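Below are the structure tokens for one structure; questions will follow.
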């Protein structure tokens, strides 16, 4: 009912947002708008949630929280992974009380209804002859695997075409071969802020110099000025400054046979996807996103020599990969409620790399662990300030061009 | 105002619930429906809250929380116990800050308005000549005593006829003589779940085998299959299996002069009452609901020899007694808010029984303490799962026939 | 939207409140009414929040929480103190993460927008040529200094005329010369109650005898009966009892050249101001509001000899000074949310007084620290009792005449 009221008002709300500015307070705090966001935006995206090496064996599972719902991700067999809502078809109890583990089947702790790993109802004691087990399997969510990556979609109806969403990433993904990667480390944060502030923080680097000393010391400052907020933000003078470094790196990368492509969807796209390869800090000979600029693990995929580049692949604003030559990171941003959002980084390395020999977790995760802790504080302070009665949407700089695009995309989808 | 809006919608909501299925999510989570539940259902029942031996002396009192309100239960004299809302008639302060104790009068800690044990305003300093003390006594709730049991009713208007409610229980209550019992032990839980899930959990034994190993090991399995959800759930084949045990026990109990009656109201009744006597585990010679099947205390009331039976008396779905021959338990289910419910068990023994000699608390409470801890986890997991956006009302088995009856009764009352 | 709905109903709500009685429950618990209270009442008052000696040096600042907003109070220079909302004009982040300290400027921790101590935007990196810094200074609140006291007003539009508000206090303030005072001690409490219950508690002394043994032992009991709730509450017989003590004191005070005036606004005033001088306990020779009745510090302002009086100055119901001859207390009552209110006492002494020699904090604060802890418990119990479904507005005694006036004033402003 509330949602229905909102439907009548949402077009007015969308209409009055000022282009080039952050949104009005209620978009960051209102529970009804949050629910609307979920149904209009988040549940219609293919959310990248983890790497399939996390659940290598039949019956391995984990639970991911999405917007107040628990989704069970479970391996049915070598070729199939499924996603189920954690609610029994009998009286609604959670069927799974563990956050991860291995199960032969899911037996509801209440009345022992038993579900197979494909979600079908195997047994329900004493339900009588008329009861049709075939219509009482666990509620399933859409799930697909691409290059070892697990994607789910919580759409009530049809999800976006998965192949179209991922195939365009192939030239980039080929290089890194994540299908042959494994999870090396992970870290997650539950932030007290709206999910859009997390994304707005992630897609611009206007804040990097003041806020991220470690990140800024590893990466090329000229690059951040030119490309900090994606290709669209490249101002002529900043581009001119970065151009020599970029061209030198591109020449080397191309000679090694690696793509140097770069593209990004505009606000009229379905998922605001983008992909690019850029040098980390070519002038300084930086090889990877690490404290000392050296590799943190063995080269992955097709990299025979390190080109000092890093690849960004964004399937949608909530699902991004950052990949130097030697490791990859899944950045998972998952809305929980109007003022709560989960952030998780999953670090991947080549599946043959050995911990303690080829890599260690601390070195692997150092740069982005520091950076994400800082971003967590930043976004929580952003949320706190937005709660002020006097908060007014403020203007974006050209370095926040991608924020502008993100909000136009968002407002189009919810309008 | 919200409630008024709900009134317009409630008949539609009630209409669309599917018979034989659990309710839609909002019935378990919505604060407005909770408030409606209180006024239409809970406040119109005589709630069994404790045994009068708890407050044996003039001025003894305790506070019980009901749906966010504190009710002071206080002994005025040997014959009279009263119930008052814990809010001063002056400016609304709590008049009593302790959860239990003994008081000569209730003196408001704010301006020292002083109330007698009958709730009348004894003194209010400096209120002037026009002030009428007689119209400023504490707000009282309906209260009645039956066989030593304290019942309250929070109806704004007239409560249900108390004598009618309790007199039909007399044949069962005569046996146990709770008027000559005393409180031996108590335990309470504040559960994070809607009150209806607590009741739904309590009135069926479809979950007992998977969830309650202790309870199932003490009680006859054949009985649970036949009578787990009350007489209405008795399926022919399960009844047939249990019949020999039942008849053998009935023969013995009757020969001792004890009632073997069994009856239950249907959904058109005012309070969905029921009462029955059944063997605990006659085949195994079990005498009481204890770990070893032996008596935990002295025989109560009219029991001259133990018949191995147990009596269930339900005054309404929130107020039930379970009574083997040697002890009795009050099960108090008290709604607190939409997603919070209190559960309390009060263990009673014969007033002459001596702790350490005739009984000890651990042995007395072992079976139902274990069982109720398990039920607490079950119902909280039920609530958690029901919060899922994909939760849908599911079908009851015949073993949950009493749930079906309970929900029909509930929907009729709120509609 | 909610607020808009409330606007349509508020006149009916106001209309049905019974004169001479406390308010209906929703006025103490409803978040929408709270927001309405803020805009109609609290934000239109000059709130006394601290003494300027707290921020003696350029760049000294502290943050005060008002109704969910953080206000930065900062000294710009010797003559100027400013108040700013803690939200960046860029994307809304808090610009200040510390509760107090010293800053040369406020640099937003997000994108390093830098604000001068006058709130103007000094620098915003990379914002492009079109960006107008002059229109992106921090949102300011109204702020004024009077006799060293810092007042803020959060009105959207024009605040009440400050000079009119304070000048009428001059005869009283001249005596105490707070411009030459300094902060000696402070204590604050975050109470779980509505702001109006805090004020209602503070403005009557009907509760003092039962609730405040220390306060009652220091002050004249006859005075509390006559003047406990302000001059308006003075009942003839109580006045007659107190008259000799009052006249004796007035004679002495006048002979010393100190004002003995006394006045209070009625409910039709803008700010319900009042001021008075009364003896503490003239019959007992009490000199100050201390445990032993002796002075706790050096005489302040124009006091050459102690007259045993105490001055109360109320700029509005949220902003009051209590001042014996040797110290002064700011009582700051600041609404936070519907059921939360901050209370702070700031103890002031003459700026030349030396801690450990002329005064010590424990002795200085003893009486009102005890009393305010007691009042905190009282008001939280009041709030708890008002939450009862059976709470009904109750009648005020004549000793609560000032409560009656306060509520009439409040209802007029919100109506």
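Here the chain labels run A, B and C in written order, and each chain numbers its own residues starting at 1.
The criterion applied here is as follows: a contact is a pair of C-beta atoms (placed from the backbone, for glycine too) under 8 Å apart; a residue touches a chain by one contact, two chains touch by 3 or more.
No experiment lies behind these values; they were computed from the predicted model shown.
**Q** For the homomeric pair chain A and chain C, should the interface be classed as same or different, according to whether the shared residue numbers exceed half of all numbers used?
**A** Different residues, largely: of all residue numbers at this interface, under half are found in both copies.
**Q** For the two copies chain A and chain B, what is the rotation angle that overlays their Cα atoms, in steps of 5 degrees?
**A** 120
**Q** Please work out the Cα centroid separation of chain A and chain C, and write it as a whole number of Å.
**A** Centre-to-centre distance between chain A and chain C: 49 Å.
**Q** Give the residues of chain A that touch two or more other chains, as numbers and ranges in rising order.
**A** Correct list: empty.
**Q** For chain A, which residues are in contact with chain B within the complex?
**A** Going by the criterion above, the answer is residues 1, 67-70, 85-95, 97, 107, 109-112, 124-128, 131, 136, 139.
**Q** In the complex, go through chain C and note every residue touching chain B.
**A** 9, 22, 200, 206-207, 209-211, 225, 377-378, 381-382, 384-399
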